[in-house]
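Note that chain A is present in both complexes that follow, paired respectively with chain B and with chain C.
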Partner chain A sequence: MKILKLPKEKLDLFASVVQQFGELHAPVEQDGKYVFKRLTRWSDARLEYDRTILPPKKYFLPPQESIFRYRPGEGFVPVTDGLDQRIILFGVHACDVYAMNILDRVFAGKYRDPYYQARRKNIAIIGIDCLPDKNCFCRSMRADFVDHGFDLFFYDTGDYYQALVGTALGDDMVQATGSVFEPMDAAEIDDYKRRSLNKRRAFQLDVEIRDLPEIFEMEYESELWDELGDKCLSCGSCSMVCPTCYCYDVSDDVELGSRAGDRTRSWDSCLFYDHALVGSGENFRGPRASRIKFRFYHKQRGFVAEYGRPSCVGCGRCSNACPVGIDVVQVIDRLRRVEDVASR
Partner chain B sequence: MSKPTVGIFGLTGCAGDQLVILNCEDRLLDLVALVDIRDFLMASSDNQTECALDIALVEGAVLTKKDADALRAIRKRAKLLVALGSCAVWGGIPAMDRGMDRGPMLEEVYGDAGAGYDSQAAQALHEVVTVDLNITGCPIEKEHFISAIASLLNGDAPLYPKYPVCTECRMRENNCLLIERGLPCCGPITVAGCNARCPELRVPCIGCRGPIGDANPASLLAVMEEKGYNREEIVNRLRMFAPQGAPQ
Partner chain C sequence: MLLADEVASSHPVLADNPYQPHMARIVRIYKMVDNNHLFTLRFMEDSLAHSFRHTPGQFIMLSVPGAGEMPISISSSPSRPEVLELCVRRVGRVTNALYRLRTNDVVGVRGPYGNGYPISEITGNDLLLAAGGLGMAPLRSLLWYALDHRDKFNNITLMYGAKRPEDMLFREELTALVDRTDINCLLTVDADPGGTWRNHVGLLPGLFDHAKIDPLRTYAAVCGPPVVYKFILQRLLELGFPKNHILMSLERRMKCGIGKCGHCSIGYKYTCLQGPIFTYWDAINLPEMI
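On to the complex of A and B.
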C-alpha cells in the first residue's frame, strides 16, 4: 500500500483526469439528503456528507435487473447490457466499502454471481474518510476503517487529502494525474495519528459485538421480538437501504402471446410476508415478529457463524429509514441489559 | 384452437379501469389478435350478452341489487372472473360509508325519493361471488392488465408485488415524506405496483391500491398520532380506498 498526499487545490484536476477511467459518480444533494449519482458537473459532488439514502450496493446489485431472456427453441440468453460499463464511485465511506467486501464473500465466494462480479470489476471505488454522526456505530462493527476493497481512499486533512493507494488501478489514476501527488513528511504522519484518535473519540454510539451471537442465542424467546413484531410495518425499508442485505427475488415477465419472456431479479426482504412462503402454502416465518427477529438474527448471529463477523457495518441507515423508529443499537442494548433478564 | 372469449364489465364505479384497457393503445391490436372480446359495452354497441366467457373482467363495486344480479350472471358465464381496480377488489371509495346508517344518507341526497332507491352499502366482488384474480389500483396499471392476459393465456396467474409502496419508493431512492417531512403517507401499508408514483412527485401516498396482505395499520396510526395528526382524520385516510385498510 502506498500513502501519498494530494493538495486540496489539485482535487479538481484529479477529478477531471480520473474521468478517463470511467464515468464519474459521487454523492449529490437531494432535498437535504444525499444520493450517489452520475455527475454532470464536478461541482455537484458533495464529499462531506452523512450517508446516502441507498448504499453503493445499488451499482453492483441493482434494485431490479433483467438477468436473461428466454424463448422456446432458443433457450436462455443472458442480458449483459451495461455490465462492462466503467464507472468511478467517488466518495464512498469506509463502512460502505466494508459492506462491499462483505457482499464479495456472498457473491464472489462459494456461489459466484457473474453479474455482480462483472460490475465489481468494472466499477472503481475512491473512498473518503468521514466523521461519525449520532447514528454511526461503524467503529463498534469494526467497519470504520478499511484496508482493501477500494482503488484509492482519501482522508480530508484540511489542507490536503491523504491518499491510500489500494490497487494497481488506483496507482494508474495517481500516475495519470502527473506529479501532483506527493510523499508525506514526518509532521503529516503525526497529523494522521491525531486525526485518527479524534475520529475514534467522536463516536456517540458504542455497541459491544463480542459474545453478541451468544446473547442472541440465549434471548431467542425474548418478549422483545413480539414487541418489535407489533411495531414493524414489514415495509422492507431497512432491507432496501442496508448496504449488506442481498436477498433477491426472481420472477418471469412473459411476453403477450408467447411463452418467451424476461427473467428479472429484484431486491427482496425477509420482512415480507412471502419471503419464507413455499409452494405448499407453508410459511416458515408467517408472524411479523418472527420475520423481524430473523432479520436481526441473520445480521448479528447467522452471518457470524457463516462468515466470522456480523454482516451489519453500523452505517445507521436502517434506523434512519424505519418509519416506526426501530433502532438496531437500541435493540442490541436492550438484549444486553441485565435487568430485563432478571425481571423475567 | 379458437381464441379465448373475454367480457369486460363495469358495475358501480367511474369506468376508469376499463378506460385503462382502452388506453393500452399500442397493444390493443396484439390483444384482439389473441383473445375474442365478445362483450364490452364501453367499447362496442354490438355485444353478445349471453355467451359463455373464458375470462370476465369486472370493474366497480356492488352497490345495488342490480349490480349483484349482474355480477352473479357474469360469474355464471365465466370460467375465470377477474376483479379490476380498487372498487372491485376492496369496495373502494364507495365503501367509505360502510357502517353508517344508509337511510339518512339517501334522504339527504335524494330527499323523500331516496327511500325507494335500490342502494346498499358497497361490497367488493369477492363478498358476492368467487373471484379468481385481483388486479388492484385506482386505476389499474396498464402493465398489470397486459401481464394478466399474457400469463392467463399461458395458464398461469400473474405475479404482482405483495410488498408495500415504501419498498418501491426506497428502490427509487426518494426522500421519505413520512419520516423527513412528517406527511401522512400511507406507503407503509399500501400494496406496491405503482412504482411509488405519488411519493416520487413528493405527494404522500393515499392508499389507492389498498392494503398489503399483512398490513399493520395500528402501528402506522400510532406513528402519525405522534406526529400530531388527529386519530379520526388518519383512520379516514387509511380507509378511503379500502375499509380493510384502517385499524380495527
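On to the complex of A and C.
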C-alpha cells in the first residue's frame, strides 16, 4: 500500500482540490455533538471528534428511501434519484469504515442490493485515525484499524498526516493536489509506531470476545435478559445509531386520488414490538426480554456463525444513546462473570 | 410500451435488481375455502412464464400494487410450469388488497426464494407428507412433484387433516387421490356435521394407524399450525425418525426474502435464505425456532 505524508498546513489546500471528486461532507459540531453533514465552509469540519450521532451508514442506507414507484400499466419502476451523486465523506473513523466493510458483506452475496452498491461506488471515504474515549472498545472488537474500505486514510502524527492510499480513486485525489503529498522517510515510521502505541494505551475499556458465542449459548436462559427487558423502553435508539444495524421495513403508499404509489424502505429495529409479528397474530419475540436478548445475540453470536466475526465494532454509540443506560460492555462483562453458586 | 421490468433491466445501475417485481396477471381465482382462495398467475413477459422454475417448498414475494409485498409459498409443482398457483389466506393489509383484485388484474412477483425441499436427498426414499389446515399450501407443490416424478420416490403417504370437510384445501383433487394405488392418501376431518364425508373422521395423528411407515427410509415433510407440529413431531420421534429426516416449513415475518431486511431471522439463520424448510435437528439447535 502506498503511504505518503501530508503536512498539516497543506490540509486546507487538499480539501479544496479534492472537491472536484464530489460534494464534501464531514463531521460538524451541532449542540455539542457531531454530525456528518455537507460542508458549506471547510473550516466547519471537525476532524478531532469523538463520534457522530449517526454513523456514515445513513449515506449508504438512508433512514428512508423510495425504492420503486408504481404506475398502473408500467409496473414497479426503480427509483434511481441520487444514486449516482458523488460525495466525499471526510473524517470517517476506523471503526466506522470497518462497519461499512461489514455492511458490504450483508448487501452483497447472491442477491446484491443495487441501491446500496451504487452509493458505495459513488461515495468516497477519507478516513481519519482517532483516540478512544471512555465508551470506545473497538480494539476489543478488532476494529481499531482498517486495511481496506477507504480511499484514503489519515493518521495524525503531530505535524503532518500519514496518508494510506487505499484505492485508485484515492491515488487520483493525491495526484490532483500536485506535490502537496510527500514520500515518507524511514525515521517517520517510528512516528506511526508511537502513535499506535499511544492509541493502544488510551483504551479504558476491554472486553474479551473469544468464545463469546459459547458463553452466549450457555447464558441463553440467564436472568440478565429479564432484567434488561424490564429496563428497556423499546425506543430503538440503539439500532438507529449502530453502524452495523441494517434491519429495514418496507411499506407501500398510494398517492391520494390515484392508483400510483411508492414503495419505501426505512430503518427498523428488532427492539420494536412488531419486528417478528406475523399475520396470524403470533409474535416470535413478543416479550421485551426476548427482543433485547436477540439484539445482543445477533450482534455478538449470530453474526459470528454467518460471517466469522461479531458485527459489533465497539463504537460505543448504543451505550451513549440508550436513555436507560443499557451498556453493551457491561452486558458482556456480566455474562462472562463467574458466579459461584456455593458462595451466593 | 416498455414494462418497468424491461426498463430496469436496461438501467446501468439497477440491472439485476433483486427487488424488482415482475408483473403477472391473475388468470383465475378459485374460492377453495372461505378466505382461502387459490390464485393462478401468469407472468406478462412470455419468456419469464416459460423460464420460471422453482423447487417445491420455495416461495415468492408477491406485490399487490399500492398495498405491499408478502411471502407466499408456491402451491403448484414445477412439473406443471407456465403458471403459478398460490393459496392465500386473507389475514391483513396485503392479503385483503389481493382479495379485492379480479381476474386479469396485475400483481408483482419476484423469486423464487428459499431453499425448498432437499429433493435429491429424498430421492430413492419413502416420502411422508403430513399437513394440517393451511399447511397443505407448501406441501401441495411437493405432492404433485412427487406424483409427476413417481419413479424418484418409493412409497408415498399423504396425511392431511382439517376441521370440517368444507375447511379442507384442494378437497376435490385430494379426494380424487384416495383411490390411486401409487399413493396412500389419508384425509381426515375433526368433525363432519353435514354427514357427507366419506374419508376418516378424527384427529390427524390417528391417521398413523392406517399407514405403514419405515422411519429409517422415510423423509417426513410436515407443515401446519403449531398444534400440528406438536403432535406430529411427537409421533414421528416415537416411531424413531432420525431428526434430520423430519422437514418443517417455518413461517416468519419477511420484508425482503433475500437475507437483507433482518425480519425473518431465527437465532442466526435467515428463514428466507437457509429456510423456510428446516430439519427438526436445525430446529432444536436454534433458539426461538418452535
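Here are a few things to note about the model shown:
Following the convention adopted for this analysis, the second predicted complex is superposed on the first by the 339 of 344 C-alpha atoms of A that agree within 3 Å, B and C clash if a C-alpha of one lies under 4 Å from a C-alpha of the other, contacts with A are read in each partner's own complex, and residues count from 1 in each chain.
The criterion applied here is as follows: a residue touches a chain if its C-beta (ideal position, glycine included) is under 8 Å from a C-beta of that chain, and two chains touch if they have at least 3 such contacts.
Owing to the predicted nature of the structure, the values given are computational and were not obtained by experimental measurement.
By the touch criterion stated above, A:273 is placed in contact with chain B alone, chain C being left untouched.
In the superposition on chain A, contact of A:64 is made with chain B only, not with chain C. When both complexes are overlaid on chain A, the residue A:178 reaches neither chain B nor chain C.
In the superposition on chain A, contact of A:83 is made with chain C only, not with chain B.
In the superposition on chain A, A:32 makes contact with chain B only, while chain C stays out of contact range.
In the superposition on chain A, A:251 contacts both chain B and chain C. Using the contact criterion defined above for the overlaid structures, shared-chain residue A:220 touches chain C, although it does not reach chain B.
Within the superposed three-chain model, A:75 lies in touch with chain C and out of touch with chain B [touch as defined at top]. Within the superposed three-chain arrangement, the count of touched residues of chain A is higher for C, of the candidates chain B and chain C. Using the contact criterion defined above for the overlaid structures, shared-chain residue A:106 touches chain C, although it does not reach chain B.
Shared contact residues on chain A (touching chain B in one structure, chain C in the other): 251, 253-254, 259, 274. The touching residues of chain B, counted against chain A in their complex, run 27, 30-31, 33-34, 146-147, 149-151, 153-154, 156, 159, 162-164, 166-167, 170-176, 178-180, 187-189, 212-216, 218-220, 222-223.
On the side of chain A, the complex with chain C involves touching residues 67-68, 70-78, 80, 83-84, 106-107, 109-114, 118, 220, 246-254, 259, 261, 263, 265, 268, 270, 274-280, 282, 284-285, 290, 294, 297-298, 301-306.
Across the complex, chain C meets chain A through its residues 1, 3-5, 7-8, 11, 13-23, 63, 65-69, 91-92, 95, 106, 108, 226, 251-253, 255-256, 258-263, 265-268, 287-288.
The touching residues of chain A, when paired with chain B in their complex, are 30-33, 35, 53-54, 58, 63-64, 230-237, 240-241, 251, 253-257, 259, 266-267, 269, 272-274, 288, 320-321, 323-325.
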